[in-house]
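In what follows, subunit A forms one complex with subunit B and a second complex with subunit C.
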Partner chain A sequence: MASTRIGRRPVATYILLIVMMVLFLFPVLYLFIGSFEPPSLTLGGLRGIIPTSVTFENYVGLNQQFSNPQFTGSLRGFYTVSGIVSLSVVVGSLLVNSLAGYSLSRLRYRGRRGLLLGVIVLVIIPFESIAVPLYYMLQGLRNTIEVQIIPFIGSAFSIYLFYTFFLALPVQLEEAARIDGAGPWRTFFQIILPNAKPAFASVAILTFIQAWSSYLWPLMTTSQPNVYPLPIAIGNLVKQQSIPNFGQMFAFGVILVVPMAIFFIIFQRWFIRSVASLAVKG
Partner chain B sequence: MAEIVIDNVSKRYENGFNALHNVSFTVAEGEFMVVVGPSGCGKTTLLRMVAGLETTTDGEIRIGGRVVNNDTPAERDLAMVFQNYALYPHMTVEQNIGYALKLRKVPKDEIRAKVRQAADILSLTEYLDRRPGQLSGGQRQRVAMGRAIVREPSAFLMDEPLSNLDAKLRVQMRAEVLQIQRRVGVATLYVTHDQVEAMTMGDRVVVMRAGVLQQCDTPQTLYDRPANVFVAAFVGSPSMNLFYATLGDDGRSLRVGSQTVTLSDAVLAERPHLASYQGRELVVGIRPEDLTLEGSGDALSVKVGHVEGLGSELMAHFSMDARAFTLDEAQGSAEELDEALASTVLTEHVRYVVRLAARCGVGAGDALTLYPTMERFHFFDAATGESIW
Partner chain C sequence: MSAVHSLATPRRRFWTEGRTGVAMMLPGIGLISTFILLPFFFSIWLSVHTEFVGSNQPMRYVGLLFYRHLFSDPVARAVFFKSLENNAVFALVVVPVQSGLALGLALLVNRAGTFVKFCRTVFFLPVVFPMVLTSLVWKAILAPGPTGMLNNVLHYVSFGHVAPQNWLGDPHLAMGSIIGLSIWQGAGFQMIIFLAGLQGIPSSHYEAAMIDGASTWRQFRDVTWPGLRNTTIFVVMVTSIFALRVFDQVYLLTQGGPLNATTTVMYQAVTQVFQDQSVGEGAAISVILCVLIAVLSIAQRKVLKERTY
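Our next item is the complex of A and B:
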């Protein structure tokens, strides 16, 4: 069926799509290939879809740049910080925001509508506009890992995403669970959560991307190499070098991108999987 | 096993809407009780209150002699079948059926055995490993039933469980549901808006309207002796013909428009209260099958508007020189005049219907003489709508 439909589509559409794809993929491909080429060739542009001469020079050089954990920090350290921060934010965010979204969509209590309105208003407020007040609120936590985690766990956008998803789940599922004898927590974890995987996956992916590539906030709150996340380190690399080493920058770019890609690949199947199998309508 | 007692139960929502007014009835052990009424009559609310999914504003609900008003749904030990089945999409049929037992910490082997047994009864054995999404509507319905029976609850609650099935399957499942209920033998409260379902399934039927219980009786009694004009119009398909008539001063001549029918002694003897309506207008009802083409005594002249041939019989819709009665006239609000009643108000003039033999040769435009079966006349107070006996 699908093939006949595709077969009817005009060739022009495909040509356009291919051109667009090449345009969008070009920088990514260039980043990967450039990182494996000698620094002298890096800026020479993309000469093919495989590197002309493969070398790990850039990666080795990059590692040497951060060889003194005390003063420069180490790649391993940045990775650890970024990893702990991102995963903590993702886990905390899934737990806190899903429960908040559930409460807004299902429980009936005074002030619920007001709260929901508050959440919607918060969605449109950019982080940059509250960064400075937040900085003063959390001054005592400067140069810690916690300060990079705490502000990002509660997210109005994630709450709203969960809220809309839970609204679409048939309430009878929960009622059936109540009659079967499940309490509210069990209902949430055994009935709601398994049926809300797409929502959890979406929030996980979006939160991870945001946390992993966060720059402004760690720049404001950290000044010691032992609590630098990767994006700050790459910024410092640029600042340190009087003559920029683009090969090393490319290598750093790859290091930054790969975990995000892996995370996305793990969760995308839930991201894509539809809820069409919800066995509720006859 | 236990009986369900609904004792003077009312439901008032926070916004002031009264969904139920002082409803009382008892579902005996093993009884199949159907609650029927047009949409918005409060029947589902009542069921949810019994289940513990809604709070009870006033009155008592007792299950097995115990007041359960403040019990959680689980503590009430009921099983409920939902209109949309509410199967857990992420669990297999086996897990769906066994979930309640798992929560009760029943040993695994025992759960397995009970689920198999239920699946056997419901012919679901070969589907135990499937998920609800891979089943047909009828199979899902059976899984929902399985989930209910495996628990061996003290009572069953069913909320329009057959309304998502197509017509043929619905008739088949009606029999299956009844069969299972008989086998398990627990008190069952079954909600539907379909009066045919109510009549065919219920040991007794509760008819509700606008949150008020109209009548609770066996299907045959509802049909033969409706308590009021609403029950008369709601039960039976096609609906009862209802029109205004005036009882003469002699207490036996009934003026229907310009025609007169003389009531027999038997009719008057059976309904002593009719005497007090001398010279007054009342509402008269006659079912479509209680009018015949041949007979003796007084008859009504009518004109056929259109006919519906059903193969086995023929419905002739006719007009008659008499003011037709419609429900909204008697009781104020037209809003809950259900689809089920729509046939009573077909068009301005052609409001009545007679059930005739299939090949009687009656066609549109014919003038007919119809002989009413006197004993089957129903009389209602024109002001209150109450039945006159």
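Our next item is the complex of A and C:
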């Protein structure tokens, strides 16, 4: 492993590291500490980041504020929507895109090269630039959970990522299976799947981050609290012009980030690896 | 007989394989065709037709009306050009600053050690933060008045010389604030890409430079920087495309204001549809956005191809 040679002056390096770490960690600490403080302290300047007393009143207040599932939505409801949407998108896109990637990398049929080129071109198009026409196309599905799932299962980038990964797998594995009389389906599920865990992990993590954070699309397609995912419910508090209750906002923020944080702590290496895999795009 | 047989078998096999191949790719290719390719063409079609959300009037072909409106109507043009300008400013600041910061961080954490590993995690952490969460925290940090976190910190650091600012409400500061929090959130992503790039540089190159007695700076200039060439191009292009897509933080924190100081192309596209009820104009803006992104991507490919050796 090539390490760079700034290390000649380790003291300067470590001072820089500590300064940057404080800058990056500060907002995160502020969020967690602020959510357990009485509201007067959350927006009390620097005192807000020094934990003096612990209270759960922000969380209790938040729960009360969203106590009517019909008019305000409920915390459990937002969580359920976000959970169903994220899980469906992740599971669906793993299955659909890996099959497409395998087909493009290993099976021969007419038009395959053209399709591959099409996929690569589609990787460039970011969701934002097609959000408006897509909204218009799917108007009939507004205020449903399905509308938050369906457009995100197929992903040109995931297909391409699977494609490049499968291409790099040794063909001998599959040849052995084929000699044993396995068809493409059985080969895929019994030979490819167990050997492609890194690709599946990358796509799962990247898709989950995107689905769990998704804001623009649910903002466009939902207007009823019973189908709000977490980011929309939180966003409605954040964008208020009046002086907001920061304590409750922070508590809501913590609720949003906890599942992500747990995944992140457990699968940290995979998170970093999957983000690095984004560079295959170039 | 046997000759016919041996000819027929491969052909039949090819056919089954082809059919299976098509069956395997169909769901994925079908979905991306329906939800990426189709809307892409549909946006072009929508941009030359009138349709007002919720009205019962039939669609009517209007040609380039919406494009003309965007480029020549004094009011619409002022807002649209302001949004283009803001995206450009965002890109011109974020691309060098965030990429530079990310490269610096990558160099700092490209070594072994528990503390360094911890720092790497900390720098990467905001990347998994949803933008809504980043906006939420920074709304509190940037809160106006002496009790806002940033104002309070500046007050202490400057011994009372810096007056409290309205970070998100002052037209001169708002864009800078949006840029600042976006950099905080995005830098870790580029850091990881640069880190992967750094680890792809063979250590023998550094050893050779050391034997030649190259200084730290010379090593960076002659080994690290050329070695990161393709990584840097990738990061710069991804970040500029990202700069064209800015929406969430603007919508959540400033609603494009004050005085359109933070409005963006994407914010305009959405506002057209939801406030002004004009799908056509929103679609026209989307088409322009696609063109800009396509130009950037093609430029990237050109630059990458030119000097890959």
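The rule is simple: the second predicted complex is superposed on the first by the 236 of 282 C-alpha atoms of A that agree within 3 Å, B and C clash if a C-alpha of one lies under 4 Å from a C-alpha of the other, contacts with A are read in each partner's own complex, and residues count from 1 in each chain.
The rule we apply is simple: a contact is a pair of C-beta atoms (placed from the backbone, for glycine too) under 8 Å apart; a residue touches a chain by one contact, two chains touch by 3 or more.
As the structure is a computational prediction, the values presented were derived from the model and not from experiment.
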First (subunit B), second (subunit C), both or neither touched by A:F32: neither
Partner chain in contact with A:Y79 - subunit B first, subunit C second, else both or neither: neither
Partner chain in contact with A:P194 - subunit B first, subunit C second, else both or neither: first
Partner chain(s) touched by A:Q172 [first = subunit B, second = subunit C, both, neither]: first
Touched partner set for A:W270, first subunit B, second subunit C, both or neither: neither
Superposed model, subunit A: greater residue contact from subunit B or subunit C: C
Touching partner for A:R186 - first (subunit B), second (subunit C), both, neither: first
Footprint overlap on subunit A, where subunit B in one structure and subunit C in the other make contact: 276, 278-279, 281-282
Subunit A - residues contacting subunit C, complex: 1-8, 13-14, 16-17, 20-21, 23-25, 27-28, 30-31, 34, 42-46, 48-49, 96-97, 99-104, 107-110, 112, 115, 118-119, 122, 124-126, 128-137, 150-156, 159, 183-185, 188, 209, 212-213, 215-216, 219-220, 231, 234-235, 237-239, 244, 246, 249-250, 252-253, 256-257, 260-261, 264, 268, 271-272, 275-276, 278-279, 281-282
Residue numbers on subunit A that touch subunit B, as the complex places them: 170, 172-173, 175-182, 186, 191, 194-195, 276-282
Sites on subunit B touched by subunit A in the complex: 51-53, 72-74, 78-80, 82-90, 99-100, 103-104, 131-133, 135, 137, 140-141, 147, 164-165
Residue numbers on subunit C that touch subunit A, as the complex places them: 14, 16-22, 24-25, 27-32, 34-40, 42-43, 46, 51, 105, 107-112, 115-116, 118-141, 143, 146-149, 151-153, 155-156, 184, 188-189, 192-193, 195-199, 201-203, 205-206, 210, 216, 219-220, 224, 230-231, 233-234, 237-238, 241, 245, 247-248, 251-253, 255, 266, 269-270, 273-274, 279, 282-283, 285-286, 289-290, 293-294, 297, 300, 304
